[in-house]
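Some structures are shown below for you to check.
Two complexes, one shared chain (subunit A), two partners (subunit B, subunit C).
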Partner chain A sequence: MRQAVATGSISLGRRPIMKAETLLLAVLGLYVLGLCVWPLLRLLTTIFAGGLTEGVSFILDAWSTPAARRATVNTLEASFWATILSVVLGVAMAFLVGLSDIRLKPLLVFLLLLPLLIPPQISALAWLAMIGPQSPLWLIPGLEALRPVRNPLLGRDGIILVMGLEHAPMVFLAVRAALRGLPADLIDAARAAGSRPMGAIARIVAPLMLPALAAGAALAFVSAIGNFGVPALLGIPGRYPMLSTLIYQRLAGFGPTALADVAALALILAGMALVGIGAQVLILRRYAVATDRVGGAHAGFALGRLFWPTTIFVWLLMLLIAVMPLIALTAAALVPSVGVRLSAETVTLSNLIYVVTGLGSAQRAFANSLFLATSAAFLTVAVAAPLAWLLVARRSKMAQALNAAADAPYVLPGIVLSIAMILTFLPPVPVLGISLYNTIWILLIAYLARFLALALRPVVSAMAQIERATEEAAQMSGAGPLYRLRTVVLPMLAPALGAGALLVFLGAFSELTVSALLWSRGNETVGVVIFSLYDEGNSTAAAAVSVWVLGIVLCLALLISLVGRRLPDGVLPWRM
Partner chain B sequence: MHRRSVLAIALALGLTSYAGAAAAQSGPLVIYTSTPTEQMDQLVARFNESYPDVTVEYFRSGTTEVINRLQAEFTAGSAQADVLLIADTVVMTQLKADDRLQAYPDAPIAGTDASLHDPEMMFFSTKLITTGFMYNTDNVTNPATTWAELTNPEIAARLMMPSPLYSGAALINVGTVVNQDGFGWEYFEALADGGATAGRGNGGVLDAVARGEMDYGIIVDFMPLNAKAAGSPVEFVFPAEGVTAVTEPVAILAGASNVEAAQAFVAWQLSEEGQRFHVGQGYLPLREGVTPPAAFPQMEGVDVMAVAPALLLEQSDEIKQRFADLFGG
Partner chain C sequence: MADVSLRGVRREAGGRAIVDDLSLEIAHGECLALLGPSGCGKTTLLRLLAGFETLHAGEIMFDGKIVAAPERQLAPEERRVGMVFQSYALWPHLDVAGNVGYALKVQKLPKPEREKRVAEALETVGLPGFDKRRVQSLSGGQRQRVALARCLAMRPRLVLLDEPLANLDAHLRETMIDEFRRFHAASGATLIYVTHDQAEAMALADRIAVMDNGRLRQVDTPDRLYQEPCDAMVAQFLGQGQLAPVTVHGPVENGWVDVELFGHRTRMRARPDCAPGPAQACLRPGDLVFAEEGGASMPVTIVSTRFEGGSTLVRVAPEAAPETTLNLRVGGRAPMIGERRSLAISDGWLLPVASPG
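Entry: the complex of A and B
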């Protein structure tokens, strides 16, 4: 690929207009190949340095220990059941929102998509707080008798429940998008032919939704096997090891000496993810039915007699799975000391104040995460804008390849990316002669690789929708490519760039999976501090830090949604 | 610039010896420790008041995990730590035998019991931490007062303890108890049969008992006593048979790159100011004349169970293994 860039610039050297573009492409290529592709290749070559057979036998060796096998089986088991839960909830809600006359749909969708915004470790903490014996839930008259004596969420069932809810929005979004594309005529025709609403849904709608459902399920599955926050908080104390937590514990316990071993485990995890991703791509390519929506979308069936029972059930469910955990988490942060029951006399803001004014590690973490997330947001967007322009406006094949390559660090499990980063940046950087491991820069590099795709998606889809004529006019008036990019394209892309930057910031600010393996002394991130406070048994402080993160994340999400009304379709991953 | 002007003023005031000594320590100091994050943060902040030019960085985990990491770094040929501050002397004795520690002959141990420190001045006890058990005062109305009562299945089923595979204090506790007459491994077998569970560190035990998810927890003294003072529904028991104890030793590693700052850190821990600071965090001080924390009951009547460190060192792998077999690690 590097060679292609080089020959391109030579043969096009005669035409100076193209040269600026080639230079741009070369810089973008360096970013994507150096940060997104090279580390992952490095992971592969580490294991397969001695040839294919040797690599395979090394992986089998690593896998043959009882701990690794148990973790593999657990990963598959928990991810399977979590995916089932995601599918049931995601599909039911998509059909209800897409095909019924239930009210207040935007609020319902917001509550359902809330888990997408909340970092997994905070969801896990919130659920622990809600189900635990100290939960305010048990203060509700009639529920006192249900107060558990120990937290039932620690272990497999809790992991399945929290991951299932966490990934349900993926299935929901996939199916809802397919439902939006469904022509109303199909349902009308079935109804005219005498089909009842449920019959039309079962025989006409459901089969058409299957590919989207399967693709959403594959995505939920891949997210589940790569999830670290939930198994770390529920599985480590619950003694239910999964691959991601096993890799983390081995590296945390033994340091870089365990690298070869965990690299093999990471490849097993990557292999599982690739099967899931492959399935998703295959399903979408082969089985997606091209429905051509000319007329309007279906207005939705009247729920009739079922309207109130359904409404009450759905809102209670949303209250339970989306609102109550956050209330319980906040309650856990408002008591003066762990185990104190919340009441008018005991309520205090002292923890919330203490973690930002007195707790050094949390203060450092907020500063570090703010720096990392802001830098990652600006830099990824700075790369995404020209790449999207080359991809869409200039139809560059090379840009297309880079766009695809940028997906790899995002869809693969974060633990795999972290191991790849350690392998790549533990040895001293050639020219500088210093190792980036144990510095904040390896975190920034990992974030730049991981979140580029998150910035690219909205910018590419906005780019595809902006008016071409203005740029063509500038071109005909003699404006060069970089000048056009700066003066014409970027201003029109600005809202999408802002949305992309905010999405990256949201993802990076409370990131845990990548940071858990790459943080070092003094370079803690917010996600890491929440996890270690909880791990040490300081759950009150962990809850307090989480409440701050939650506040920041929700404010930003609200901001994006407000900006989002002015954005072209497809820029935001969700739409109210 | 700032440092220089401070020095100049100090010189002018004739405080040369003190200010000169304080200003000499600077640069990065890396500490590996098992002290909880919150307390370590406070400790570093306080240490920096006296030594503003030392940049302290620390890695924190349970003693056993800290040592695993250190051993891995030794194997790789590059230990990153200057100072080790962990729960128990057993591990320190092992590291000393492996030539991993360096002596600090001038350490200011006056005012403390010399037998608490290494005779060759390679590691120094900093505070006394005893292990007994705690209970949740909402759940328990008629609390146990002896170790023996904990094997009662009704209590054991609702009992949690830290694991020696993570915590150094837990390793000493298990090692000491199994070597006592009338206890032995039968004691922990009875706890396991009764349904007792092991978590990771002491913090996890405090959390579980304070929240009421467990009734009883075997735990180090300062955590429940601090929590009680802050209002948590917990009480700590010094069992009638006696407590077990660790002394949270501090040591300078042989390969330390900032020996001056490391010595300053060790000296500060042993100083009267450092000891008073530990009291403020809820620890029992070692220095004579420093009053124990108000939360502690009279310690006169409390027996301390002890076992020769050499025996514990010899048994430490066996202790971890047998504990893991009983409680699943």
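Entry: the complex of A and C
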């Protein structure tokens, strides 16, 4: 019957609608390549301009100085121990929340995940306030004798402790997700075969959780080596330099003349991060066991006699690591000046009022961060929505590549990104002839690059959960791609877009790592001002600004969680 | 209204042909059911017609104009084809009127005209006054009606239905089948209806196309398909046909021919070109009845019985061939297992194409 193919008039050929889709893809492609890929390539070409061997010897030169070596060793050391702490805390809590009958799980999870919302420099500041000589902790009768003279958190141990707690949520979330996906039947089958609960956990659950644990640990490690806020507040005064703080100090001290040198250090840092990311991807791909879940997750074992001891221990721990530091930080903001002890006579709101009404840099910082975070949130989501649509619904290979490319500025250490941004935007922009360096725009560009992935993840996962047929039905009604995007896809994506925008806002509002190298006078951000105030010795004002940030961040988190009930699975990184 | 013609259509996936050299003509206003076991390629064929899948060989024509060929495909939105999805695919952010009137908005129809057609469509599917209701507040049957109204309002030339009743309970299915018939009459559109449920296909379709392994096995009216299946697959897939080896004696006269079944002489229907010699017969459970011993009946032993409510399905083994079994339905008292009875064969059909082996 194939001979009949030649007959029949061809009525095809008119396809102007395809062009709109291609044009959209081209615009998005330029955006992602220009913001996320080009600066990083620029960093590579700066070092390897003279060929591979010359580049390698240049990196080795930069690394051979004692300061750089010490920073590298310190970075690895502190990150290693911090990761161990994150794994212990994250895994223990994931198993407790996932497999036991402990009560008030949502609140427990919320407290554990607080570090996701609180920027590292504020966590560091809060811990300093809690352990430091001025802490309200020493007001508790009986603890007075423990009051330290010098803050014991300054230096390596403090960095390990705070970074370890800061990144525990990553391990927790990875293991928790794997536990959620574990069919209850597997545990029940082990029990039916004669295993006690602990036996089933050790023989069945733990081995199945290993890939998730390892992947979470790799992620925590990558975050630790890229962390700037904690080493900046604890390591610089504690004389424990790490790569991120060394790069910062060199560039802050010598200015753009040190660019080539710090670019080499940044590449070393990026290399370490890439090893961690590679390990994570490899582990998940190679070893993750796909268990297809039929029926529900396990309801949890009864703790029995251990119920109350466990409950008391866990809540005391959470009180100590999540609640107390924030109370201490607030207390530090309520004293009139540094060194004054908090009491009924000394308590005052003057600092909280002063930083928003009298302190110029803080006022500017709030305005700038508000502007930057809002713009970044809107622009990023505006790009993420059509990209996710092209990726999921139109199955565009190109969109898939762009999605992967957008990950690079997010997973690489922020300090690497900011060096790349300086290298790219210090020279005058071709057509305009002006340099973006020393303006607020370089901050905006860096935020757009940094946080695109943060918006893409929830939007892509929500997009994947939209039933294909809903768009196909619109197609059958005669609606072209852009019309469908506007009338069907975007309205259905709306909750995820809102969540994505809020996540970007939260990340950008108190951002420090990227801003630390890109800010300039008049263009301060909130994160930078907290760091500078602390650096100047005005930790009371730093605490006051932090309290404002905490207030805003927690309100927004509450808002997302309220909206979160209506969100599809996987949109929020935390889910209670 | 449209006539649809498929010529040598082929689609591959993973190196395997999902739809293979398939040719089919569907007339103006016809209701054709695509019937087959799951994985036979019927949904892929439907999506090829809709334009969601691309074909690798052949062509699809609507009203004599090519809409799909390997090198060029008309986009789904340009085909003016309506589709009713198994999951209904209603848009949750729009109300009922918003869903039904969507296509009209795409066509930029003026608002009064749009509202009139939405109201008409809702009236036709028995949901008048539902226009401001939220989709989520509707029951499964109501949602499917809204999906139908959405299709009706756009006045498509061709409507594709993808297992539209699969998500509904048995009782509702009955009602919706009547609904689809009314829909077919009201719209006058050509209907292509994918299902794996033969009762649905029989009740609705003017013709049924039975698919298996990406190929068409037989396209016929429901009656002919049941009475005269072309091969073993169709015979077994529809109406619980059972196959039995027979020997044909003599020529076909008025559509009937003498055959020998397990040593027993009887008459069965056959095509005029049926040649004497070995052949394969399709026997329906209803073709077999218990009879008085002797005469024209065949001695059998009862192997098993299964009570089915109104009747009992009895499995018997002919004494001439104890290793084969035949099924029949009896009302009243079920026979005892091991009991010896006699079987009369009232009807049978000789398959034109014997299955290999």
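Everything below uses one rule, namely that the second predicted complex is superposed on the first by the 561 of 576 C-alpha atoms of A that agree within 3 Å, B and C clash if a C-alpha of one lies under 4 Å from a C-alpha of the other, contacts with A are read in each partner's own complex, and residues count from 1 in each chain.
The rule is short, and it goes like this: a contact is a pair of C-beta atoms (placed from the backbone, for glycine too) under 8 Å apart; a residue touches a chain by one contact, two chains touch by 3 or more.
Treat the numbers as computed from the prediction; the structure is a model and nothing was measured.
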item	value
Subunit B versus subunit C as contact partner of A:Thr346, first or second or both or neither	first
Touching partner for A:Ser337 - first (subunit B), second (subunit C), both, neither	first
Partner chain in contact with A:Gly90 - subunit B first, subunit C second, else both or neither	neither
Partner chain(s) touched by A:Gly255 [first = subunit B, second = subunit C, both, neither]	first
Contacts of A:Pro169 with subunit B and subunit C, given as first, second, both or neither	neither
First (subunit B), second (subunit C), both or neither touched by A:Leu533	first
Partner chain(s) touched by A:Gly238 [first = subunit B, second = subunit C, both, neither]	neither
Footprint overlap on subunit A, where subunit B in one structure and subunit C in the other make contact	none
Of subunit A, residues touching subunit B in the complex	132-134, 149-151, 236-237, 239, 252-258, 336-340, 346, 359-361, 438, 521-522, 532-533, 535-539, 541
Contact footprint of subunit A on subunit C as seen in their complex	7-8, 21, 23, 50-52, 57-59, 61, 64-67, 69, 72-83, 85-87, 89-94, 102-103, 105-107, 147, 150, 154, 156
Of all residues in subunit A, those that touch subunit C in their complex	1-2, 4-5, 8-13, 15, 17-18, 467, 469-470, 472-480, 483, 487-488, 491-492, 494
Complex contacts: residues of subunit B adjacent to subunit A	30, 36-38, 41-42, 44-45, 57-61, 65, 68-69, 72-73, 75-76, 80, 136, 158, 199-214, 223, 227, 230-234, 328-329
